[in-house]
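Here subunit A shows up in two complexes: once beside subunit B, once beside subunit C.
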Partner chain A sequence: MKLICTQNNFKKAIFNTERVIGKQNTLPILKNIMLKTEKGQLKFSATNLEIGIITKIGAKIERKGKITIPARLLSDFVNNLPNEEKILLETKNQTLTITSGNYNARINGLDAADFPIIPKLKSSYLVSLMAQKFKEAISKILFCVAINENRPEFSGVNVDFLEDKIILAATDSFRLAEINLKFSDNEISDNYRDFITKKNTAIVPYNTFSEIARAINTETKKVNIAVEENQIFFEIDGVQVVSRLINGKYPDYKQIIPQKFSTRVVLAREDFLRAVKISNVFADSKSGEINLKIDSKKSGLIIQAQSHESGENKVKLKADIVGPSQEIILNSRYIIDGANVISSFNIAILVNNESSPVGIKSINDKSGEILEDYVYIVMPIKK
Partner chain B sequence: MKLICTQNNFKKAIFNTERVIGKQNTLPILKNIMLKTEKGQLKFSATNLEIGIITKIGAKIERKGKITIPARLLSDFVNNLPNEEKILLETKNQTLTITSGNYNARINGLDAADFPIIPKLKSSYLVSLMAQKFKEAISKILFCVAINENRPEFSGVNVDFLEDKIILAATDSFRLAEINLKFSDNEISDNYRDFITKKNTAIVPYNTFSEIARAINTETKKVNIAVEENQIFFEIDGVQVVSRLINGKYPDYKQIIPQKFSTRVVLAREDFLRAVKISNVFADSKSGEINLKIDSKKSGLIIQAQSHESGENKVKLKADIVGPSQEIILNSRYIIDGANVISSFNIAILVNNESSPVGIKSINDKSGEILEDYVYIVMPIKK
Partner chain C sequence: MTNEEIWQAVLGEVELSISKVQFTTWFKDTFILSNENGRVVISVPNGFAKEWLENKFKAHILQALRNFQENIKEISCVICNPQDKRQCQIKNIDAIKAPKQNQIIDLHPNGIVSNTQINYSVGLNPRYTFDNFIIGENNELARAACYAVSQSLGTNYNPLFIYGGVGLGKTHLLQSIGNEISKDGHQKKVIYISSERFTSELIDCIKNRKVDQFKDKYQQADLLIIDDIQFISGKEKTQDIFFHIFNFLYQLNKQIVISSDRPPGDIQILEERLRSRFEGGMIADIGNPDLETRIAILRSKSAEKDFFIEEDLIKFIAENIKNNVRELEGALNKVIANCQFGRKPLSMESIEDTLSDTISSSKRKCVNYKNIIKIVADFYEITSEEIIKKGRRKKIALPRQIAMFLVRSELEASYPEIGEYFGGRDHTTALYAFIKISKELEKNNKIKKDISLLQDKLYRTN
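Moving on to the complex of A and B:
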C-alpha cells in the first residue's frame, strides 16, 4: 500500500472508527483499525465483534494494499500532528510508515488477513430518519435498558417497524419507556412496505444505540437504517455502523401501559424535578423511597422522604390536579430519570392508585394537552 | 442554635468548607461540617486532620449553639434549593432543622463537642501575595512533588522566606522546579523581618497547596500567609485554611541546579511540546525515553523515540542554537510537564552534556532574554 490523502480526512476517519474499540478487548487485532485501499478510496474498519464501523475517504493510490494498525497509537500520532495538507502512507511487510511535513513515524501493524469480517449490507437502506429527532428519542429510551440482565432481550431496545412509524421501547421491569417516531412516505425506501410484512421487530443492543447517539453530531441531518437477518445497519454522515441484533422475543410490554389514569397532576417540570432531587438526598440509599401525596382539594403535591442515616424532608408544591387525591410510594431515582428527559415546560404525573403503574408524559405548552408520543411508566413501591 | 441567614451566603460557606472533606475519612465526624454561632456570626469548620478550613457569615442569631452535620447531605440539600432569600436553622438535641420557602428538612448531626480543634492564628499574617501570581507559581511547582515518597520531606513544597521574596521548590529527585516570588515592602507585615530571622523555611504538604490553588478563583486578589510553630495559615477571600507542616529538613537542592549551560536551544514552545508529545506516543511506556539531537551547525533539533511494541518516530525542528552540538536521552513525560507550564511563546532548552541536568526556562518574548525567576531541571537518562 502506498498513497497520499489529506490529513484532515485521515484524522476524521480515525476519529469515527476508533470509538468502537474498547479497552477491554483482549484479542490484539481488535485494538487495531484496518486500512485498505478500495476502488480509489482508503477504507477504515474497526470492530468489537458486536459493533463494526466502516468509513472511506478519497486517496491518491500508488500501490494497493491493506494493513491493521493499533488504533490508539495511530490516533495519538495523527491528533498531535501540526496542520499540514497531506499525509503519506506506505506499508512494508507489517509496518506502516506515515509522513506529514517534518514528522515521520513507522508503526508496527498486524496482518489484515486476520481481521474479522464486518457484515455488508446486501440490499439497501429501508428508512431515512431525521437525525436529531432520532438522537433525542434514543436519549429518552436508553436509560431504561437493563444492562446486567439475565434475560438477554432486556439488554436492548425493542424497535417496531410499522406502516408510518417506528416505535422504540425499553424496560428493566421496574420502569418502561416508549417513544413513537412517525415518518412520511419520502423517508422510506421502496422496499420498506415489503420488509415490514416479513420482519418488523428488532432488539438492538444498548451499546449500539449508545454508539449511534454519539455518532450523530449537531450537524448530522439523516440516519439511514436497514435490517438484514441478524444485523442492523446504520449510515450517519457517510459512516456505516453495523451491529448484531439480540435474539429472542421482546416481552409484550404494551399490556402494562395503563390506557387511562384517574388522577392527573400538572406542574412546572423544573419545580417537580428539583423537589424529587432534594427528596432523593434524604431517601433510603437502597430503595430510594419517596412519598407523593396528591391533594386534589388543596391543589397541592407534597413530596416526603426519610431515612435513619440522614433525617427527613418535606416539600410542598402547587399543582393543577384533576381526579381524586392519591398517595403513592416511588423510587426517586426512577422519577428523576423520567423528569430529566421531558422537554416541555410542564410535566404530567398520572396515577391510578397506590399499586398501579405511574405515568410521566410531556405537555403541549401551548394547548395544555398531554402529548402521547412519549410515555414513561414507573412501578410504585408497595408497602 | 436558632438563626436566620441568607441562602446565598450559606451556600457559599458550605461550598468553601466542604472541599477539604475527603471520601476516605473513616471517622464519621470528619465527614461533618461544624456550624457554630460566634459573635453574631455563623462559623463553618471542616478538617481532614491535615488541613482545616474555617469561614464565617453574617446571621441573625436568636439562640446560640453548635452542631456538626454531614457535609455531603447539607451540600446536596442546599444546592438543590430554589432561590429564596433566607434560610432558617434550628437545632434540637443532635438534629438540625432547615427551612427555606416550601422546603423543610431535618438532618441528623453529631455532637460538636467531639469535633477536632482547628489551630488558631495567634499573631497576624506575615505576607500578602498577589493571588493570581501565587496560583500560577503553585501550578509550576506542584507537579514535581513526590507523592508516594518514603522521605516525608519530598512529599511537600519547600518554601523559603527571604528578605524580598519567597522561593518555592519541589523535587522528586528525577526533576526539580524552583520559582521566585518577589514582593514589595507593602506586601509584608511589620513582623515579617523579625519572623525570617527566627524561622525562614517551611515544607508545605502537596494537598495543602493543591487546596490553596483551588480556593483561589479568578476574582481573588490577595492571599495572606502566616507560619506559627508547626502550622501554616492562609486567608483567601475571608476563608481561612490551616495546615500542618512537614517535619524535617529539605534537601539542599540548590547545588544540583547548574550555574551555567554550554548549549542553549531556543524555539517556539508549542512546536517543541507537540514534537515531544508525539515522541512520547512511541517512547517505551516504562522509561519514556526520547532522544534529543541538537545540531548547532544545521540549527536543527531532532527528536526520536522507538519501542518494540509500537515502532519509531522522528521529528525535525528548526531552532536557534548557541554552543556545541549535543545528544541527550530524556524522559518524555518530564519534558512535557515542564514545557506545559512555560507561558512564554519561546522556550529555552539548556544542556551541558549527556549526563548533566537539563534546564528548561521561559523567554522574555520581547528582548529574547532567558528569564531566571523560574527554572525546571530534569536529570537525563544515562546509557
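Moving on to the complex of A and C:
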C-alpha cells in the first residue's frame, strides 16, 4: 500500500474510529485499526465485536493494499504532529511508514487478513432522520437505561419503528422515558413500509447509542438507520456504525404509562428543579424520599424532605394546578433526572394518586399546552 | 450421528487448527440449526461471527463436516440465540408489570437491585458488611470509627487510619464502609483500591501519558479507600500523586480511609508530609482477638456454613489458633471439610489430628534460640554478637533481656540453658531478665508492642 492523503482527513478518520476500541480484548488485533485501499479511497475499520465502525477518506493511491495498526499508537503519533498539508503512507511487509513533513514513523502492524470482517449492510438505509433531533432524543432517554442489569433487555434502548414515527424507550424498572420521533415521508426509503410489516422493534445497546450521540456533531445533518438480521446500521457524515442488537423481548411498557392524569401541575422548570435539588440534600440518603403536596385550592406545591441525619426542609412554590389535591412520596434523584432533560421553560408534573406512576412532560412555551412527544414516568414510593 | 454430535466433532477438529482465543471468539455459542439435503445451517451469536465463519472458515468447516457426512454441499450461517426463546417466555410474564417500583423500593429503598454487580465495579466484595463483622475488645474502636464514617462521610474522622496485623479484619472493615455507602444508591462514588494496584495503575498512566486522567478519576471519589498503604513506602512518585489526591479530597471534605499493617509512624520511607496527614485524622488499631471473640467468630462462621459443631470443640480450636482470624477460618474450614467428606466423625481427637500441622506451625515453627537472637538483634539494629558478648550498655542490655524473655516464653527453655545460649551467663541473669520483662510488659506499652511485633516476625519469617 502506498498513498497520499491530507493530514486533516486522516486525523478525523482515526478520531472517528478509535473510540470504539475497547481496553480489554481477548483478541489482540481488536486493538488495531485496519487501513485498506478501496475504490480510490482509504478505508478505516475498527471494532470491539459489539460495535464496528467504518469510515473512508479520499486519497491519491499509488499502490493498493491493507494493514492493521495499533490504534493508540497511531492516534498518539498523528495527533501530535504539527499541521502539515499532507501525509504519506507506505507499507512494507507488516510495517507502516508514515511521513508528514519532517516527521517520520514506522509502526509495526498485524496482518489485515486476521482482522474481523465488519458486517455490511446488504439492503439500503430505511430512514434518514434529522441528526440534531435524534441526538437530543437519545440524551433524553439514555440515562434511564439500566447498565448493571441482569436482565439484558433493560441494558438497551427499545426502538419501535412505526408508520410515521420512531419511538425510543428506556427503563431500569424504576423509571421510564419514552420519546416519539416523527418523520415525514421524504425521510424514509421505499422499503421502510415493507420492513415494518415484518419486524418493527429492536433493542439497541446503551454503548451503541452513546457512541452515536458522540459521533453526531453540531454540523451533522442526517442520521441514516437500517436494521438487518440482529444488527443495526447507522451512517453519520459518512461514518458507518454497525452494532449487534440485544436479544430478547422488551417488556410491554406501554400499559404502565397512564393514559390520563387527574392532577396537572405546571410551573417553571428552573424553580421546580431547584426546589427538588434542595430537598434532595435533606432527604434520607438511602431512599431519597421527598414529599410532594399539591394543594389545588391554594394553587401551591409544597416539597418537603426530612431525615434523622440532616434535619428537614420545606419549599413552597406557586403553580398552576388543575384537578384534585394530592400528596405523594417520590425519590428525589429520579425526579431530578427527569426534570433535567426537559427543555421547555415550564414543566408539567402529572399525578393520579399516591400509588400510580407520576409523569413529567414538557410544555409548549407559546401555547401552554402539554407536549405529548416525550414522557418520563416514575413510580412513587409507597408508605 | 445427531447434529449436535457432528458439530462437536467439527469443533474438536477446528479447535486444533486455530488458536484458543480465535476459537472462543468465533465458535462460542455456535451450533447446527438444520441439516437437510446436504445444506447445513449454522447458528451463530452475532454478525461478526457470521462474517468470519462464512468468509474465513467456510472451506475448513465444510471439509470437517464431510468427514462425518459425505453428502454435505453447502453451509450458511444465521444469527440467532437459542436461549432467547426460553428467556422470552419467562420474561413475558413479568414484563407486563415492568417498572414495578414501589414493591422493589420496599425491599431496596435505594433502588439498587443488583448490589453485587455494582460493587464489583468499584472493587468491593459484597460479602464484607458490618452485619457480619464480629466485634470484640480488640476491634471495638476500629469498628466504631468505621461505622461512624460510613454514616456520614467526610465529617467525623477524616482521614481514618486503621492498622493491625495480617488477617485481623482490616479489609473486612474497609470494604464494609464501601458496601454501606454503595447501599445508598448511585450518588456517592466509592473507590476501593489496594495501594499496590494504585501504583501499578499509576505506572500504566504514566506510560500512556494519562496522569491527569488518573488524578481525575480519584479526585472524583466521595469515598476513597486505600488498603495496605504500607506498600507505597519508598515509591516516591506514587506518594507524590497520592499526596495531591489526598489534599484535593481532603479540601472538599471527601472521606479517605486507609489501612496498613503498622501505625503511620512506623511506615518506613514515607514522606513526612504524608505521615503527618495520616496522623492528623483518626487512628484506630485492630489487635489480636481474645478468646471470647475467637469463639464468637467460629460460631458465626459455622452458622454461616450451616455446620453444627460442639461448644468444647469450638473452644479447642479457638484456644489453639490465636493470632489470626484468617487462620481461624481456615482451621474451621479444614475441620468442616474433613467431617463432610466422611473421613472422620467430629471429636476432639479428630480435630486435634486435622489441625495438628496448623497448630504446631502456629506454635513453634522451627523457631530456635538462634533466630530469636537474630530477629531481636535486627529489630533493634544491633548485631547478634553484641547480644551474646559482654557489655551492659542500655542499648544492648534491653534487647538481650527481651531475647532471653522470648527464648524462655516461646521455647520454654530452662534458665541454665538460656544462660548457656547467651554466651555462658549465669542462670540468675536469665531469671532476672525474664522477671523484669514480664513486669515491664504490664506497665510499659512500648515494650509490649515491641514484643508482639517480634513474635509476629518470629512466626512469619519462618
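Heads up, the rule we're going with is that the second predicted complex is superposed on the first by the 381 of 383 C-alpha atoms of A that agree within 3 Å, B and C clash if a C-alpha of one lies under 4 Å from a C-alpha of the other, contacts with A are read in each partner's own complex, and residues count from 1 in each chain.
Definition applied: a residue touches a chain if its C-beta (ideal position, glycine included) is under 8 Å from a C-beta of that chain, and two chains touch if they have at least 3 such contacts.
Predicted, not measured: the structure shown is a model, and the values here were computed from it.
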item	value
Fit or clash - subunit C, subunit B, common subunit A	clash
Partner chain in contact with A:Gln231 - subunit B first, subunit C second, else both or neither	second
First, second, both or neither for A:Thr197, with subunit B first and subunit C second	neither
Contacts of A:Asn80 with subunit B and subunit C, given as first, second, both or neither	first
Touched partner set for A:Phe282, first subunit B, second subunit C, both or neither	first
Partner chain(s) touched by A:Tyr253 [first = subunit B, second = subunit C, both, neither]	second
Partner chain in contact with A:Glu309 - subunit B first, subunit C second, else both or neither	both
Partner chain in contact with A:Asn186 - subunit B first, subunit C second, else both or neither	neither
Of subunit C and subunit B, partner touching more subunit A residues	C
Subunit B versus subunit C as contact partner of A:Asn93, first or second or both or neither	neither
Which superposed partner A:Ile381 touches (first subunit B, second subunit C, both, neither)	second
Footprint overlap on subunit A, comparing subunit B with subunit C	76, 309
Contact footprint of subunit A on subunit B as seen in their complex	70, 73, 76-77, 80-82, 95, 102-108, 271, 274-275, 277-278, 281-282, 309-317
Residue numbers on subunit A that touch subunit C, as the complex places them	26-27, 47, 49-50, 52, 72, 76, 116-119, 148-151, 153, 171-176, 229-231, 242, 244, 247-253, 255-256, 284-289, 309, 331, 333-334, 355, 357, 377-382
Subunit C - residues contacting subunit A, complex	21-22, 24-25, 46-48, 50-52, 55-56, 78-81, 83-84, 87-88, 91-92, 94-102, 104-106, 109-111, 113-114, 117-118, 121, 151-152, 183-187, 208-209
